[in-house]
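Chain IDs A, B, C and D follow the sequence of writing; residue 1 opens each chain.
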Amino acid sequence: MPSAFNSSSGLERLRRIESSRLFQGAVVSIIILSALAIGAKTYELSPLADRTLSVLDFAITVFFLVEILFRFAACPNKKRFFFDGWNLFDTIVVVGSLIPLNNSDAVLLGRLLRVFRVLRLVSVLPELRFLINSLLKAIPRMGYIALLMFIIFYIYAAVGSMFFAKVDEVLWGDVAISMLTLFRVATFEDWTDVMYATMEIYPMSWLYYVTFIFLTAFVFLNMMIGVILEVMSEEQNAKQAQEAHDERDDINRQLHNVQRQLTELSDQIARTGQR
Amino acid sequence: MPSAFNSSSGLERLRRIESSRLFQGAVVSIIILSALAIGAKTYELSPLADRTLSVLDFAITVFFLVEILFRFAACPNKKRFFFDGWNLFDTIVVVGSLIPLNNSDAVLLGRLLRVFRVLRLVSVLPELRFLINSLLKAIPRMGYIALLMFIIFYIYAAVGSMFFAKVDEVLWGDVAISMLTLFRVATFEDWTDVMYATMEIYPMSWLYYVTFIFLTAFVFLNMMIGVILEVMSEEQNAKQAQEAHDERDDINRQLHNVQRQLTELSDQIARTGQR
Amino acid sequence: MPSAFNSSSGLERLRRIESSRLFQGAVVSIIILSALAIGAKTYELSPLADRTLSVLDFAITVFFLVEILFRFAACPNKKRFFFDGWNLFDTIVVVGSLIPLNNSDAVLLGRLLRVFRVLRLVSVLPELRFLINSLLKAIPRMGYIALLMFIIFYIYAAVGSMFFAKVDEVLWGDVAISMLTLFRVATFEDWTDVMYATMEIYPMSWLYYVTFIFLTAFVFLNMMIGVILEVMSEEQNAKQAQEAHDERDDINRQLHNVQRQLTELSDQIARTGQR
Amino acid sequence: MPSAFNSSSGLERLRRIESSRLFQGAVVSIIILSALAIGAKTYELSPLADRTLSVLDFAITVFFLVEILFRFAACPNKKRFFFDGWNLFDTIVVVGSLIPLNNSDAVLLGRLLRVFRVLRLVSVLPELRFLINSLLKAIPRMGYIALLMFIIFYIYAAVGSMFFAKVDEVLWGDVAISMLTLFRVATFEDWTDVMYATMEIYPMSWLYYVTFIFLTAFVFLNMMIGVILEVMSEEQNAKQAQEAHDERDDINRQLHNVQRQLTELSDQIARTGQR
């Protein structure tokens, strides 16, 4: 029993350290240092600087490993630790960069994993975590509109590659390439060059582009409006309407009281009259 | 009478099958398969794959035909079946791809009709159908703004082709081509190239482009705001305001009760006093 | 007195004709015909077609003149006729195209005036007139933001022409040309070409472009939000809030009645008790 | 005591002059004149015009100095004068342009300071000052979203310079250059040229660009919505909801009165009955 008590008290102490400003600050600083190290690696470096960066990278990896182990130790329910997506992400990124890499392809993979360490900033700062969570929540709302957009792209891409493949194999070769070309048209990126090329063979092909631009812009605009409206009706007005509703409820309750009082009064008068 | 009963029961059974998850899932899967087949056709294929696709296409056409006939059989009111735009669309697309096509032009038409089969996804999935219906409802709202936009484009195109036709016949040859060029300017697509060319002869022609961009952007912005406001006032607030209105109505009704009770009370007292 | 009566009755008849669907429809048709004639003139035409268009143009001018005279005759208060901006605009456009033009410059002016006839569609269709009026109302709202935007453009243009004039005389020659170049940058039109050219001499000049884009986008975004909010608070909520306010007013009035009734009741009881 | 009275009365008179329409108008006119002088300097000028501008510049500098001294004299609390950011900005700009400059680098600095004089328009016109203050207030709201955007840019830039540096040293040389290239991609400026170049070596690199565009557009859209919602909930509805709340409060107060009156009535009847 004293051992259990000690353990619980130790866990409590670990958690206090974990949630302290100093610990949080140290982790954020090391993540930013690791981001700068990644950035520095993209420049031409002297051999000395290169070696320094390697040592720094090793130190950062060890720090992150210790930090994850510490956070795991501080977690009261070990089983649930990996159920949290952010913890899982942290562990994979940290453990992944421990694997020794020799051949050149694997080195690139190792460097990629180190880049994703910057994302740990999101998992460590609660404000960013909240932001990402609310962004993720917005995705399903856009689900069916995205599907509709995809159908529009697919149909136009199929038609495009059917007619324009002989005009420009590079832009309209097959359905996949055509969809990329249409994405380019949707961003207005040199879309007239694409159009003028096909208009030389199909003079009416401007209809294809203009309708496509109208459709995507129109659907996108409606998507935007829809999302704005949904978010608004959910978050903002709900609170306000609830407040107004509560106040009206209060008025209603008081009116019931008034009516009850009146009924009692009527009874009282009746009794007074009878006397 | 037993026969009518049987028929009604058969219709009921057909409708139960039609609205079952299995049937819906099968139709959606076949539509996606048909979309993939259309996409595959845009790639260079071996003769074997080509023949397989032809067989698949035939099978899909037959499946769609059977499905339409089934849906028609399951429809309680045969006359109204074709009044629904989605049913009509499905029938045209399916029947259209049944017509045997030999010469090369007709083959292209047949392939086009097969592309439109992908749109059947919209007619089959109720969520997409709802989305499209609500998009269609938004069109009349934009009617007069679209007309205004068209007038702006037409006037600028007429002026543009009057002055700039001698600068660049390809871009400003006549009113129609000028409108296409202005659409390009409105999407900001290499509009400065167009402007610099005309500025060599008319140095003040930048005014033409800058005012056009301001006008279209301004009108478009207002259109967007207008649509957002209209949708909001219609869909969202209506519900909430109705709720608040109902609650205030309730309060009003209770107040009337209170006043009636008070009048009765006054009568009662008067009677009590007279006794 | 009978003469005054007759005159009034004649005026009444004229106004009935003016506001009839047939008259309105005829005017709209002629305006559209005149627009088509303007469009047709931008194409290469056979001498016959050209002569036909000239005759048509003359007929349209006469029709518009008659229509304006008719509308003037139907107006009950002749002095106020020209106070209405739309009437003034119509008269200028119609009378302007009556002036005979011989030398080539004036011919171009005459054709320009004919183009503006298309705008008469706005003055004739009440829905478009309403739209334009509400757009014009939105302009003062944007006044100070537009001034702020102009100041930002002016400062950046002055700095730009100070530093970059020696890099590219065509783009940064003086303040006016620099503002046009900055407008181009604000529409994202090949802005990197402009930037890469100046970065060769001033490697840090990307700061100039990136801050400019951020500033204009940020101010524009806020302008948009501001306008949306102002329009919303004005038009939409006002109505709804008024309704809610009226209903609450009604509740208040009833409560006052209840309180008055109660006071009367108290008096009545006092009198009953005294008896 | 009379001296103190005089001083206070003098200060009062200075402040009356400072806030007079004439004084304000003169300052605004001189600022606009100074802006025009800066603009004129960017053109090729005759020696005479150049000398005139130099004299004008000197006169403007003296006027601004006198104006600042006057405003300082009119300020009741001299210590607080420089606590106001706008006063500080005015003083720095005016005093800065007094320093005599000889060598060519310093001349450029002097001209830059003169450009910033145009910004004095913001500090003088209260409407613009209000606008800028409200824009500055909007910045912290966007803080964490901006950080998230920066993280996305940094990660993509690091990955981009890792893979694409060998494709195009100019666009993807290091992390800083890559971020500029990505900013270009985010503005859709010739982004396909960048993509097609890297797709020749990494055929799947379109995924890099398309995901980047989706991520930035998605985050930006959400940022915009977030800001709109926050501003709306703050400024607009607050006022309206408060009004409705006040009216409901009023109703509540009256209901309490009714209930109090009823209680009193009941007591009165009881007393009447006892008599």
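Please note the rule applied: a residue touches a chain if its C-beta (ideal position, glycine included) is under 8 Å from a C-beta of that chain, and two chains touch if they have at least 3 such contacts.
Everything numeric in this text was worked out from a predicted model, so none of it was measured.
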### Task
For copies chain A and chain B, work out whether under half or over half of the interface numbers are shared, and give different or same accordingly.
different
#### Entry: Reference chain D; chain at largest CA-centroid distance
B
### Distance from the mean Cα position of chain C to that of chain A, given in whole angstrom
41
### Centroid spacing, where centroids are CA-atom means, of chain C and chain D in whole angstrom
29
### Task
Identify all positions of chain A at which a residue touches two or more other chains, and write them in rising order.
188, 190, 228, 232, 244, 248, 251, 255, 258, 262, 265, 269, 272
### Task
Mind listing the chain C positions that touch chain D in their complex?
144-145, 147-148, 151, 154-155, 158-159, 161-163, 165, 173-176, 178, 188, 190-192, 206, 210, 213, 218-219, 221-222, 225, 228-229, 232-233, 237, 241, 244-245, 248, 251-252, 255-256, 258-259, 262-263, 265-266, 269-270, 272-273
### Message
Per the contact definition, I'd like the list of chain C residues that touch chain B in the complex.
### Response
35, 38-39, 42-43, 108, 111-112, 115-116, 118-119, 121-122, 127-128, 131-132, 134-135, 138, 180, 183-184, 187-190, 224, 227-228, 231-232, 235-236, 240, 243-244, 247-248, 250-251, 254-255, 257-258, 261-262, 264-265, 268-269, 271-272, 275
